[in-house]
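Same chain, two partners: chain A is paired with chain B first, then with chain C.
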Partner chain A sequence: MRSRTRAAWLFLLPALVFYAVFLIFPVVSSLYLSFHEWNMLTPPLQASSVGMQNYTHILRQDPVFLKALWNTLVFVAVSVPLSIALAVLMATLMSRRRFAGLWRLIFLLPTITPAIALGMVWRYLYRPNYGLINTLLNAAGIASQPWLNDPATALMSIIITAVWAGIGSNLIVVDAGMRDIPEEYYEAAAIDGAHGWQRFRHITLPLLKPTLLFVFVTGTIAAWQVFDFIVAMTAPTLGRAGGPVNSTMTLVVYMYQTAFEYLNMGRASAMAYVLFFIVIAVSLVQLRVFWRGGVENY
Partner chain B sequence: MAGEVRPVNRYGKPMAVGSVVLAVVAATMVLPFIWLALSALKTRAELVAVPPVWAPAVPQWRNFKAAVSEVPLGRYYLNSFIVAGAISISVMITSAMAGFALSKYAFRGRDIVFQGILATMMLPSFLFTIPVYYMMRHVPFAGGNNWLGYGGMGLLRSRLSMILPFAVSAWGIFLSRQFIMGIPDSILDAARIDGASESRILWSIIVPAARPALITVGIYTFISQWNNLFWPLVVATSAPELATLTVGLKMLETSFDPNRNAHLILAGLTLGIMPVMAVFASLQKYYVRGITMSGVKE
Partner chain C sequence: MRRWLSILLALLIFAAVVIPVVSAEEKTKLVMSIHTDFNREGLDDYIALYERLHPEIEIIKEVTPFEDYLKKIQIDAVSGRVSDIYHVYSLWGVELVRSGILDRPPAEIQEDVRKNYVPVAVNGATVDGQIWGIPTEIDNYCLVYNKRLLKEGGFSEPPKTWDELVDMAKKLTKFDSKGNIRQYGFTFLAGWDSAVVHPFLAMLWSNGGEYLSPDFKKALFNSPEGVQALEAQLRLFREKGTDVNGSVWDFPNGNIAMMIMAPWDENNLKTTMEDRYADVGVAPIPVMKKPATALYTWFAGVGRASRHTKEAWDFLKWMTAQVYGPNQTTRMGDYLVQSVGAMPSRKIDLENHPKELNDQYTACFVRELKNSVAEPNVAQGAEIKTILMNEIMSAWYGKKDAKSALDSAAAQINTILARYYK
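== the complex of A and B ==
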């Protein structure tokens, strides 16, 4: 028995070493850095301590950080529910349909393509003068929109692209969840005379709850860290990403610039910790709201 | 169709209505890619023509040659392949080992370790970025004359700096644990009675039996690493020759003027995503399984 325990720990060893080196140590170091001023050029242990200054600075005196926080919040709050709602609609329409695999494949095309490439293509689609989107709008009698060129519409434009790209992966999960619901329930409901919305509301939604929780929580964690689309769609170089006039600046883009363009590692670490607390808090709230009666081990 | 009942979906609605909506949304999924492929073959004038032209009058195949002459996409392909491949293999092996340990052995601390590994999925990756970057830069005896820890580039000049931080995956461990739990204990006990060592059980029984899960883990990891941008971008700043394909695609915009040479950027993007898209699409089954197996079902 004891030799088996030893074997188990031996099998775990590579993973444990990995987590110690690439996870626990960096997380602790980042906490240390967030209370220091450090430019990565001097030894980290000689960095000068600044107490809470990095935190107070970004939360009180840094309008760009607050702007990035707000933009990211808008991105999360709009793109995640919208993408999931569209995925639920598409999966609903795919029920009992032949060639389901082919439909899935079509929706998966953006998901299996690098976001950086998708964003670069959409940047051309959004061009105000020759872009495909304005061309189609004009054909439908709608005036051209400035899209990425106007601070008022730039973030929305990126959200549209992210929603478009995100439907596929959500659809796969939601579709699998819906397939697990037995057809008999719907047949019984039809015999009982329940109409479409009632069937959706009282059969699909309750049984889909674990699936929806899963896509909401994982989708939200990913959306807080949006980076690729911003980099792809706002500027040719990283240092200038997030425009026009910071209207599309998000937390991770700003952290990247703070760390690797301005070499302000302490401040960037403080930002990372602020993001960390937000992600944890939001995830817990989501679990609570979805699971009023205790959290299921999903 | 004559004599058959009019086909309805689970909600009693005729399938035809859904077909229209599905077809419209599916069209938006495909349209950007079609536009990209056609535009890659256009002349500079055709790309900015008013009214826009759909297809090039004469396909400009030399756009591809011109794009590759400035941006070595072939090398980036190779870099991506090596990095994503090495990460996938490492993740498959470590997931099999840790998944086995966490499912088929009873020992103190097992549940804590497992829950800890799951919890890591909630951490924003920027929490690790700065310390891991610094660590990679200061690995002793690597990257040239760096044995005191300062001056050299450590592993930043090596692909290891791109591979190591992703060598273990919490999601991969979770998935293989769930799968290995379903392998009957009686097989393992029979092997033990025959005198098989624990590591022999792992490699000769568990790994073959868990092959579907491990292949899914490998392919899903490969695709997501292939599409990964953030970390390769951080590393490639000090080692441009190690740039992966996603980084290389972004470099198209600094190598060519996005306004004057859009046709070359689009040709580069086409070369960068279309061939891979075909390969990944053929692996749809595994990718879908990877998404759906990740925790939705018990």
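== the complex of A and C ==
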């Protein structure tokens, strides 16, 4: 038994070492750094201790951090439910129709395309002068919109792109969840005279709850960390992302800029921990809300 | 047979391990870090020439895009893989010096810098009163205009005062039937911090204001002079002489009458405008109270952790300070004016490149050196500049008035300055 245990540990060792070096060590290091001031130009052990100053600074004295927090919250609150609602709608419309596989593929294409490439294309589509969207609006007699160039519309423009790009992955999961629901339930409901909306409301939605929980939690965690679309769409270069006037600044983009543009790794680490606790808290709330009332089995 | 094979194998292993070590010891390798815009045609020729003259030296060039260049220096420092030579944007100097990244130049180089370079460039290479490198490129700003568009608008000369610029921009701006601007009278550069902040600083200084206090303990740009300077910019938006949607790329397309640009834009304009480049005119930035423009600098330094500091400084001396040839210029001077399209900072290079520095584009920038004020080498300079950029732009977008935007920037910047200048 002892030799089998040893063998198991030996087999696990490479993965554990990898996990320790590339996950545990950075996580612990960044916790240490979040209480220090370090610019990455000196050895980390020479970093000077600043106690809670990084945390108090970002939460009390840094308006850009609070703006980034708000923007990220808006991004999460709008993009995640919208993307999932559209995925459910599409899956319902496609369900039991011809060419469903083809439609799934079409919707999945943006998901399998790198976000940076999508963002670059959308940036050109959104260009105030000569952009395709404004050209079409002008052709329809509507004045050009500033899209990404105006703080009032920039974040929403990015959310539109992110939702469009995110539907595909949600659609695949939701569609798989829908196809798992036994056909007999719908047949029985039809015999009882239930129409389409009633069947959706009383059969599809309750039985889809575990699937929706999964896409909500994973989608929310990913949305809190939005980075690639912001960079690709708001800046010719990484360091200038988040504009105009911080209107699209998100937590992870600001964290990156704080660390690598402003040379303040300690403050960026503190931001990372604030984000970590927010994501944990939101995920726990989501789990609690979804599990309330139980989950339908079939 | 097996014995002979074993001996042969042992010899091969010995050769594989020892020969590269021996050949590596023959040459001193100098790693030179530069950013992409500095890596133009001709640099490799100078490196090859130096290697021919000094067969014991091999120079390895590491080129990084400007936006990632500081990150490269950071990551090199953390990984212990430092470069021997750095080309440094002066604004980063404070962090690099205080973190011990740069080597102090030998006394004769410091003396040469003090004596032979223009004062603004010497200041750019100076941190906490000490010279840390050899100045290379200097960049200031002028008003670049499209002569054809001005002529079509009935103007024979560029504006001399900011009030004139606003009036001209208003008349030169054209709209389509949907209300979109199709020709800009004036466009502000935007998209990165210097593009927004440097022209504002030029106007602030022109209006008699100051950026930061001399001891760097306080932001001073929110003075009445600063507020007036930003108000002057806002007049352009209010009076429809510009909007926020203009792009620098519209200038080569012939859709912008006037912009504020730097010397290094010359090559881009020549390439993109081709025959229409003849339409390009350059004039001093229109004044508010007195002539002034903003300037920033670069310098070449040596890594303190380099194992070959002497060889690195020798190469830099040869490249940047040694005057040679019938024209009596330096190699760096030749390279900057001929390949990079930037202004050199050594006095003799400014005097002895008449053809390149008195051309249609660059002459005005050279003349304006006397009115140029360098951005200061302040700790957290990049963060400070980004804060100011965002607040200026919030005024452009009408989210704040000039005073509250500058007050907000000053409050944030003072918090940063308080941490570094006690």
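Note that the second predicted complex is superposed on the first by the 285 of 298 C-alpha atoms of A that agree within 3 Å, B and C clash if a C-alpha of one lies under 4 Å from a C-alpha of the other, contacts with A are read in each partner's own complex, and residues count from 1 in each chain.
The working rule: a residue touches a chain if its C-beta (ideal position, glycine included) is under 8 Å from a C-beta of that chain, and two chains touch if they have at least 3 such contacts.
Since the structure is predicted, the reported quantities are computational estimates derived from the model, not experimental observations.
After overlaying the two complexes on the shared chain, residue contacts for A:M40 are found with chain B and with chain C alike. By the touch criterion defined above, A:N54 reaches neither chain B nor chain C. Of the two partner chains, both chain B and chain C are touched by A:N129.
In the overlay built on the shared chain, the residue A:F260 is in contact with chain B and with chain C. When the two structures are aligned on the shared chain, A:F11 is found in touch with chain B, with no touch to chain C. Once chain A of one complex is fitted onto chain A of the other, the partner contacts of A:P210 are limited to chain B, with no touch recorded for chain C.
Once the two complexes are overlaid on the shared chain, A:R104 sits against chain B while remaining clear of chain C. Of the two partner chains, neither chain B nor chain C is touched by A:T248.
Annotation for chain A, partner touching more residues between chain B and chain C: B. Applying the stated contact rule after C-alpha superposition, one finds that A:P151 touches chain C and leaves chain B untouched. Put simply, chain A uses residues 40, 44, 129, 236-238, 260 to touch chain B in one complex and chain C in the other.
For chain C in complex with chain A, the touching residues are 65-68, 70-71, 73-75, 77-78, 95-96, 99-101, 178-181, 190-193, 244-247, 250, 380, 382-383, 386-387, 390, 393-394, 397, 399, 408, 412, 415. Note for the complex: chain A touches chain B at residues 3-5, 7-12, 14-16, 18-19, 21-23, 25-27, 29-30, 33, 40, 43-44, 86, 89-90, 92-97, 101, 103-110, 112-118, 120-122, 124-125, 129-130, 132, 135, 164, 167-169, 172-173, 176-177, 180, 183, 186, 190, 195-197, 199-200, 204, 210-211, 214, 218, 221, 224-225, 227-228, 231-232, 236-238, 252, 255-256, 259-260, 265, 268-269, 271-273, 275-276, 279-280, 283, 298. The residues of chain B lying in touch with chain A in their complex are 7, 9-13, 15, 18-19, 21-22, 25-26, 28-33, 35-36, 39, 47-52, 93-94, 97-98, 100-102, 105, 107, 110, 113, 116-117, 120-135, 150, 164-165, 167-168, 173, 198-199, 202, 223, 226-227, 229-230, 233-234, 237, 245-246, 249-250, 252-254, 258, 262, 265-266, 269, 272-273, 276-277, 280-281, 284, 287-288, 291-292, 295-297. Only residues 39-42, 44, 61, 63-64, 128-129, 134, 138, 141-144, 146, 149-151, 235-240, 243-246, 257, 260-264 of chain A touch chain C when the two sit together in their complex.
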